[in-house]
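Shown below is the structure under consideration.
To keep things simple, chains are lettered A, B, C, D and E as they appear, and every chain counts its residues starting from 1.
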Amino acid sequence: MTPLYAATPSGLLLVLAVMLPASAVLAMLVLGPRHTRRIALITMALGLGVALATGIELVRSGAALTYIVGNWQPPLGIALRADGLSVMMLAVTAAVIAATGIFARDLFSLDQASCDGRLATSFWMLLMGLWSGLNLVFLSQDLFNLYVALELLTFAAVPLVCLDGRGETVAAALRYLMFALLGSMLYLLGAGLLYGAYGTLDIRLIAGASQHGAAIHIALALMIPGLIAKAALFPLHLWLPPAHAGAPAAASAVLSALVIKAPVVLILRLVVEIAPPEAAAIAGQVLAVMGAASILFCSVMALRQERLKLMIAYSTVAQIGYLFIVFPLAGIGDGSAPWGTIAWTGGALQLTSHALAKAAMFMAAGIVAEAVGHDRIRDLGGFGRVLPLSAATFGLAGLSLMGIPPSGGFIAKCLLLTAAAVGGQLWLALTILAGGLLAGGYVFRVVDRALATPAEPLVLRRPIPLRLEIVPLILAVLAVALGFLPLEPFGLLQIGRPDIAGAP
Amino acid sequence: MISLTDGFTLVFVAAGALLFLAGTLGLLRFPDTLSRLHALSKADSLGLGLIVIGLLPQMPSIAGGIKLVCVWLLAQLSAATASQLIAGIAARRKPDA
Amino acid sequence: MAESLTTVALFVLLASAAGLVVVLRSRIAIERLMAVQLLGTGGAATLLLLGTASAQPALTDVALLLVLLSAFSCAAFTLGETASDEPDERP
Amino acid sequence: MSAIALTSASLFGLCGSALVGIGLFCVIAHPELLRRLVGFNILGAGIFLVFGAVSRRGAAMGLGGDPVPQAMVITGVVVAFAATALAIALLRRLASLTGTATLDPTSPEPSETAARSEA
Amino acid sequence: MSLVFDIALVSGLIALALHVVVGRDGKGAIVAFIAFGLLLGLAWVRLAAIDVALTEAAIGGGLTGMLLLKAQAHLASRASRATPAFERNWHVPALFCGAVTLGLGYAVLSFPHPAPSLAREAVAAIDATGLGNPVTAVLLAYRAIDTLLEKIVLILALIGVWSLSTDNAWGGASYLRPAMVPEPLIFLARVLPPFGVLIAVYQVWVGADAPGGTFQAGTILAAMWLLVLLAGLRAAPETRLPTLRMMLAAGPALFILVGLMGVAVAEGFLSYPPAIAKPLIVVIEVALTLAVGGTLALLVSGPPDRAPKP
């Protein structure tokens, strides 16, 4: 019997991707606040290197990278595996975390007194923990190991929300924790049922099982809603806006751009890889309806927000919705290979461009709030004159969210629209169009204020150094630049995703 | 035919079990907190003690026996302290009750 | 022998669990704690009996842990009784 | 032996299912936040009992149960404890900052109401 | 007979759980939960999972109970209101949860026969680890990465708890001792810890071959430390202390180092050279026990509330 997983030579990179940030947490704990920032920056450089090397290795070998931890073959042991999607997520994560790190360093150094204090030190440690958890979610092949990864994310993300220590952010963090814990509990319960039915928690072993009983349907019916609660899809999104809006700007950027993507990727894995086809088809339809509802409802909510960060947070829920309408469009459940389709590419592009654009937008909003002292949209008239770069960042990122050419978001939404039209899913096509219009509404509302001429000019509470504004601008430019990229690189997404039944 | 050791074990263990029942009944039936506490600590120390004595001959090794006695000692210690703590709290509660 | 020890174990458990009726009914918090204390000791006795009945010496370890921590729970309980004296968190 | 083990495993599995329902209800519906956390622990206990039932069914090779789910439960119990500790720290902080220990929509929920009232 | 025993246990568990949900006063619910934890320990014994029974007895019956009681006391001193009533439309969640229970029960009953199990594989592979307790083998060898990352989870939780302090108190100590310490408590805090430490050492020692191990021992250590803090015999350490932080990080750090060593001298990350597998695992367990004990105790202590001494 040939083993299911064969370790690839450079598989150790996958271990490094998880263990580097985890070791950084320990090092920060021991060496204390004075070295925290330096350790973080070194880890970011190394982590970027690891992500890059993983990508190069994937392209070079044209096959998924695999590592068997401790050389214990599943089902007894745990395998890590990086296919095209995982590597893309690793790269996006490394890029956004590195950008956030540079941004946070500059932001915290505005206040010399507190740059080694509670807020900054906790932030760096939690950021590293978050990174470790994210990488593990993208790499692990074992459902219980993935539970540990989700908990790493939860425990790192929740305290980030209330770092500023105000009552309302503590309430938001508590609510977030409740939703996240409930989500992980349901997920764990499903994992237990799957173990009872298959005697393993390895995704590919379960996928390869020949017959399915009732357990897998009930397990998925528990796990997917649990993960939806973590991903903040309508109607389980209530926790997200206050949490993401209350967090410090650097933390919001990571939370919105990356953390909620992790459960989405996991749902994708569950639906595509282990759900029986007819169950996957039903799940895909339900998820698409919820995604569409998210897009419409939360875009309207975003339009009605009075505070900039809350508006951006609602926009996050809306944009997450697009990822869920991919499910029926990619033909999941009807037997065709989903990862070859237009919708699949569109979904991946949407994931990437939203990560970049949303991180940029939250950072820009953070700069505005830091400079002006508040983020009430009504009173921000003319901020484009005093903070031109941040206003530009906001506008560019907005292009991507709206799906206006030329931008990554445009290509993504265009592909999704095509897929919906070709697949005859008219209602999804209409939803995508409506979502774009609504996004245009809320982005222009802010851009309009940025360009307005107020009765009395906006006074900056404190000067903002140029370097602080550069990082978000680069992210926003990248989000737009994705639209100029030829689509070939997204062929990489298909690496390591052969038809499950005939997996080598 | 029951051997002598088994008979010894059964007698002591059964006596211990009855004391536990007595403790619970005391907890249920006695009128005030302090006398209930008294019933409880009796059951704790004597009931567990009898069961431990009863089980001692059944232990396969000396170490097992020592552990058994340790359980009883610890139970004694914690029950004694716990009942004093409870009594203290009850006494402090009295005036304002 | 094993069967009779299991029976006695059941009896002890039921006797201590009857104390749980107090947990469920009593209005005085301390009495509830007493019932928990009884359940801790009763649980330890049950474990010792079961351990001998099924020849699993490791159950003695569980019993040891149970009595150790029942004292701990009781100590924790005093925290609440002096709650008003707890120092305020500084703003 | 194995029939009894299976029955007993199913019994605890059903008990776990019941506890999951009870805990879930407590988490969703109880107005008191601290009680919700206790509910979380009951929910967790139920989930772990389902794992325990799975483990007991897998008894083989002279072991009383499959060790893999048991190890998962040990990991899970510790994680659940850490979650409770974090939640309680948040709850206490919330209580000392705002004087309330509820998040239910009837009591003023700071951030959202603030946003709404400004709207 | 043993089935009757199990039925009694299960009914007790469900009755206590229901009491926790519908009980009027908060403290009663917590005491009921502690009793629930004790019964749960017995249930795990009946499921032939002694390792889990030890963990559950220590955490569920001990530390969680203390955590909840402490929080309850704190909240009660602040918000002294009657328990708010359930919302009027509680039937909807009740129906939903009932449906979950039914579905789950159906799934539990529909598991395949014969039950799939990894017991065979776990026993077959155990020789390579030199261990005798398969649960320890799963935790520290087959699925070591779970255990390792779970330590990181604990540390993140602790950082999260610490981050909830005020800026002033950051790096300081938390304060556990109540204003008035009853005499018996001080006595207990003097006498019990030696026993506890002994039991903890014993647990780590036997954990390689018999039920027991690092989590159980760590939890006992945490409980004993908390008892000492509670009685005021020692002050809680300042959280910025390098030695304290070293103790917390040493276990997982050693684990990672040994794991990396495996890349060089064994068959990859977190694999042990068979000749010295057992000693390595025991050393890791000892270091982890200290880390777990420290982390759990500090998690219960809560965020620092005293500014660090200059």
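Here, a contact is a pair of C-beta atoms (placed from the backbone, for glycine too) under 8 Å apart; a residue touches a chain by one contact, two chains touch by 3 or more.
Keep in mind that this is a model prediction, so the values were computed, not measured.
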Shared touch partners for chain B + chain E come out as C
Given the contact rule stated at the top, which pair of chains has the most C-beta pairs in contact? D-E
Using Cα averages as centroids, what's the distance between chain A and chain C in whole Å? 46
Starting from the mean Cα coordinates of chain B and chain D, work out the distance between those two points in Å. 33
Using CA atom averages as chain centres, what separation in Å is found between chain A and chain D? 26
Using Cα averages as centroids, what's the distance between chain C and chain E in whole Å? 18
Counting only residues that touch at least two other chains, what does the list for chain C look like? 33, 35, 61, 64, 68, 70-71, 75, 77-78, 89, 91
Scan chain A for residues touching two or more other chains and write them down. 76, 144, 148, 151, 155, 158-159, 162, 165, 170, 189, 193, 196, 199
Going through chain E residue by residue, note those that touch at least 2 other chains and give them in order. 2, 70, 72, 74, 100, 104, 108, 111, 115-118, 122, 142-143, 146, 150, 153, 157, 160-161, 164, 166, 182, 185, 188, 192, 195
Given the complex, residues on chain E that touch chain A span 100, 103-104, 106-108, 110-112, 115-118, 121-122, 125, 141-146, 148-150, 152-153, 155-157, 159-167, 170-171, 240, 242, 245-246, 248-249, 252-253, 256, 259, 262-263, 266-272
Complex interface listing, chain A residues touching chain E: 7, 12, 15, 18-19, 22-23, 25-27, 29-30, 32, 67-72, 75-78, 114, 117-119, 121-122, 125-126, 129, 132, 136, 144-145, 148-149, 151-152, 155-156, 158-159, 162-163, 165, 170, 189, 193, 196-200, 213-215, 218-219, 221-222
Quick one: which bits of chain B touch chain C in the complex? Just the residue numbers, please. 2, 6, 9-10, 13-14, 16-17, 20-21, 23-24, 27-28, 33, 36-37, 40, 43-44, 47-48, 51-52, 55, 58-61, 64, 67-68, 70-71, 74-75, 77-79, 81-83, 85-86, 89-90, 92-93
In the complex, the residues of chain D that touch chain E are 4, 7-26, 28-32, 34-35, 37-39, 41-42, 45, 48-50, 52-68, 70-75, 77-79, 81-86, 88-93, 95-96, 99-102, 104
Within their complex, state which residues of chain E touch chain D. 2-3, 6-7, 10, 13-14, 17-18, 20-21, 26, 29-30, 33, 36, 40, 43-44, 46-49, 51-52, 55-56, 59-60, 63-64, 67-68, 70-72, 74-75, 78-79, 83-87, 90, 93-94, 96-98, 100-102, 104-105, 108-109, 111, 115-120, 122-123, 134-135, 137-139, 142-143, 146-147, 150, 153-154, 157, 160-161, 164, 215, 292, 296, 299-300, 302-303
